[in-house]
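What follows is chain A paired twice: with chain B in the first complex and chain C in the second.
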Partner chain A sequence: MSEATPHLVVRGVSKRYGPTTVLDHIDLTIRRGELVTLLGPSGCGKTTLLRAIAGLAQPDTGKVELAGRNITNVPPHKRNVGVVFQSYALFPHLTVAGNVAFGLKVRGAARREIDAAVERALSLVKLGHLAGRRISALSGGQQQRVALARAIAVEPDVLLFDEALSALDRKLREEMQVELRRLLQDVKATAIFVTHDQDEALTMSDRVAVMNKGRIEQLAEPRELYLRPASLFALNFVGLSTRIPGTVLAADNGKVDVETKVGRMSALGNFQTGASVIVAARPEQLRLGEQGEANSAAGRVRSVVFQGSRTLVEVDAGAGESLLAELSGRDGAIPRVHDEIRLSWPVAETFAFPMEVQT
Partner chain B sequence: MTRAAIVVCWVMAIALALFLLAPLLVIAAASFSPTPVFDLPLTGASTHWYGKISRLDGFWPSLLLSLQIALFSTAISLVCGTLAAIAIARGKLPGAGIFATALVSPLMMPGLVLGIALLQGFRAIGFTAPWATLLVAHLVITLPYVARTMIAGLARFDFTLIEAARTLGCTYPGGVMRVMVPALAPSFLIAGLFSFLASFDNYPVSIFLADVRTKTLPIRMLQYIEEAPDPTLAALSTLILAGTVILLIVSDRVVGLHRMAGTSD
Partner chain C sequence: MTEAALPAPVAAPAVDRERLTAIGFVLPSFVIIAGVFALPLVLLLGVSIVDANGLTLAHYKRLLGTPYYLGVIWNSLRLGLLTTLIAFLISYPAAFALARARGPLRSVLLATLFLPLAASVIVKAFAWTILLRSDGIVNETLMALGIIEDPIRMIFTETALIVGAVNIFLPFMILPIYAIVAQLDPRYAEAAATLGASPVGTFFRVILPLTLPGIIAGVALVFSLSVSAYVVPTLLIGEKYPTLATMIAKAYLLAREPGFGAAAGVVLLGIAIAVVALSARLSQEPK
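Moving on to the complex of A and B:
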């Protein structure tokens, strides 16, 4: 299937600025029509990777291929990429239509062709009625749409979004996330988003690449990323979790027994006996009371936060450790603050990660 | 109390404006004087002196020279000053602040000192061609105006715009021409205007570098005053004044005077 053939291939790309390694041998393959998010904290290299794909930053080593073409040394204006910048970077001296037409004019397209493309792009983002407006007369959300229309109008091989939604207020941003995903799927665009917002990443993408210190820690579908985080960093960056440090007592075929300050636990993972690990579980796996094939710990409820369909319960398990449970109404009575309770969670949903060396 | 303060402010402002404008009005009035000796009240009006301007000794070569020097120095300053301003405003240049100060420093230097220094400097290196020395000297005068205006303009310019243009199919120079130049057009106009005027009416620097055959208009005008002070000079001054006013009005229409004064966006 042609859908499965690699469309954008990043191979061994590294970039250093002075003594800092910003990108550390990045490998990334994206299929045609796929929406991928580069997710990570500021300074993790995600924007630099995006700029390397756009041609605005030259990698020190490695190779970038787009649509079967090696573009490593191709300047940005010949790459056929569309970029939506965080500041939108709209041209203030041009109208909305002028901005959208810019790329086609530069390419020397015929007048009629330009007009048609501008109209199509603006109707796609529902701004056809504002074609003649000046940029300064638009709201933030409208400017965002113009930036998108401008990038789409040239029919790029890949669309790159650099924190493109972060300047919008929360409500508008959430609406745009859903709308943008639908729009990109409609036009069968291949797109890469750069963001530090995990909700945006989970909502918008087919796959998420979690980046940390210039490396991709995990590249997975949102669901897998959440349910099977590959590293402690990925676990922490996406979603909430209970994390308890401990020492491996016994290891057996992908399973370990770990001694912690709040009792002995079993978890998935491959470690040597004696290794320092962190045992973790997602909050929705924790249930009140005992269950079979499960880890459990007891403690006093520290806080109860009602969140509509769910309730977040934080439990002080003693010895400085705490448990985080997300209980739904079906689980029966929701405990109150200061209640003594026992929580348990399945071994199959408990992960062990190597203790991170503090840097 | 506040009311009184406002009244005092207005009175002072009007008095100051009158004080500044009165000599200009007197010159304009004098230029229409029917008699060689200017006397108030006027006993009639005549455009006689305007007709005499073109017959002034050496007027046309001096006007041409001043226009040439002003245009060339402005054009070169716009290019060099803008490039320098880019280097300074982008902030990647080590010691950018020092460069900026050095570039703008001739503004704070007395013209006389600058003139003598340039004369001595040019002599020392054997650079004595009058036209060329005048041009170089005027570059020193006009460059600060351009650099200062362009640094201010660029500080507000988002360089991501050029990157956006590049991803849309422009080369780097193409992006500069299609995006940065239009976005900075008001700054260019302001810088060019100030630069042109600063060069056109410069006297203290030019006087040291001019020779008998190469005299700029201001030098020539002072010479006329010494030789034969009649209303022809007033007529010429009035024309220059009118030209400047027209230039300012046109600029105001295009970008707005408040931006030129640098008081607001």
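Moving on to the complex of A and C:
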């Protein structure tokens, strides 16, 4: 099978629990060997989508295909998926090796084959020396690795991670993100991560699906997701931004002029004149002083947060609006709190989104 | 030199005080257990190995060498084993149903389980005699419905005995199993399924081993209660099914043979201890 053929296809999958729509006609296609993250706040449906793929939740409508097979009505034990749960769900009555061997044993694999696969899986996660240990004798990070080895050992068609790193402490989590990505690429696994952690999503995935209210708002590569958010929700959920509401004065060929309380601005977007919009820009696009083809606004510095290689500066632009700039030391002097400054940012990096009606 | 020697005399009294406190806490329960449980058992053991002529094993020889008494021991074991087995078969699915139940249903189910514990065993056993006798509710109902013409003999049969014993001791099986099942993370079964285990495979490889501690606790409780039951066999089957418990009562109250009664008591205790010790071993995690 070539790399480009769809490996996992989710088509029109919906799921309701009582009056709540948890999944709203989800379409998602994943290529073989791709690492995809479902990113969103709790209750957005990401875990339910993962469970629908695993067969642990039955969708009301729609279809799931895996490796060319329609698995919509196939029970989980015949799907050949691997799941790493948030709580790991390692079997406490079995040893590390017993846990990793479980999937092969229930498939009736030969003893020698099982031993070889267990050894291979445990050495992948660098836990070969703990094969005989009890689960309760392991640290959280080690348990995470055993859960991964157990899921990998059966060579599943897709690996599903349900908030699998969230139980680890920050430092360990960041190490595991990098290591896990490398490991999954090495074994050419197709994997889906569910997380609410944007850093995890950006670090680990080839593509990120931002989910909100049971829908995928944007499915894009991490870089594109950050630089070209498709919706206000995606803009808010991934990364920081300056957001100023306004009204469209003029619209022309993918560009709009917007009247805001802190001045007139130009932004990318297609709207009708008179539409209510939010003008937004990423903090690293904001610079001190004026620049050409740029929007600008002035105000008084409210806070300065030093973060090592960069400094976050929040400016009170008046009329209840604020600007957020990320300045690096190379740009010159970093302003101090209460300084009056002017910030500008390129029109080409300014987006306009429809004002969201709060429900 | 003095630096190294200094900490020792300072630390020693602290440790001693800690030990004294620990002993102080343990002492009352030790006194109660020693005085109320251990001492009578030692006396029981003592009485069982003496007669008018001094030390003897005659009581044990009589008990273990006479076919009739071996039959009595077998009756007790049979009552314990059958009651435990049937109670387990009913309790295991019941514990899962209880754990799945939500809200008011769960409260009602738990209440129906706990309430009978408040009634005396004698009351419950008598209730069964009323239900099961020839002109009892069960026979009357079956005859009224035309299912049978003549009353079935139920009371004073082994069936009545086992039905009554199972009913009375059932909560002691359900509750320990329920306590484990209610704690069981549903993710274990899901993990097993995604790894390729069928529902049956998941049950035998994951659910059953993980609930084993509850099963063992329930089995130990119900077996030791039913093997030594006195009221239940007396009221529901009577003379024709002598058990160790009913025989001990007779040895003391009617035959005035405290030595023989004590020996039977020691054997009964031995059976119960063997089962509890075996359960404790089984419930220890392997390796």
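As a working rule, the second predicted complex is superposed on the first by the 358 of 359 C-alpha atoms of A that agree within 3 Å, B and C clash if a C-alpha of one lies under 4 Å from a C-alpha of the other, contacts with A are read in each partner's own complex, and residues count from 1 in each chain.
What we mean here is this: contacts are C-beta pairs under 8 Å (C-beta built on N, C-alpha and C of every residue); 3 or more make two chains touch, one makes a residue touch a chain.
None of these values were measured; they are calculated from a predicted model.
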item: Fit or clash between chain C and chain B when superposed on chain A; value: clash
item: Chain A residues touched by each partner, larger count belonging to chain B or chain C; value: C
item: First, second, both or neither for A:R134, with chain B first and chain C second; value: second
item: Contacts of A:T95 with chain B and chain C, given as first, second, both or neither; value: second
item: Chain B versus chain C as contact partner of A:F85, first or second or both or neither; value: both
item: Partner chain in contact with A:V154 - chain B first, chain C second, else both or neither; value: both
item: Which superposed partner A:F233 touches (first chain B, second chain C, both, neither); value: neither
item: Partner chain in contact with A:F271 - chain B first, chain C second, else both or neither; value: neither
item: Touching both chain B and chain C, residues of chain A; value: 54-56, 75-77, 79, 81-83, 85, 87, 89-93, 102-103, 106-107, 150-151, 154
item: Complex contacts: residues of chain B adjacent to chain A; value: 158, 160-161, 163-171, 174, 178-179, 182-183, 185
item: Chain A to chain C touching residues, read off their complex; value: 54-56, 75-83, 85, 87, 89-93, 95, 102-103, 105-107, 132, 134, 150-151, 154, 160
item: Of chain A, residues touching chain B in the complex; value: 54-56, 75-77, 79, 81-83, 85, 87, 89-93, 102-103, 106-107, 150-151, 154
item: For the chain C and chain A complex, residues of the former touching the latter; value: 185, 187-188, 190-199, 201-202, 205-206, 209-210, 212, 285-287
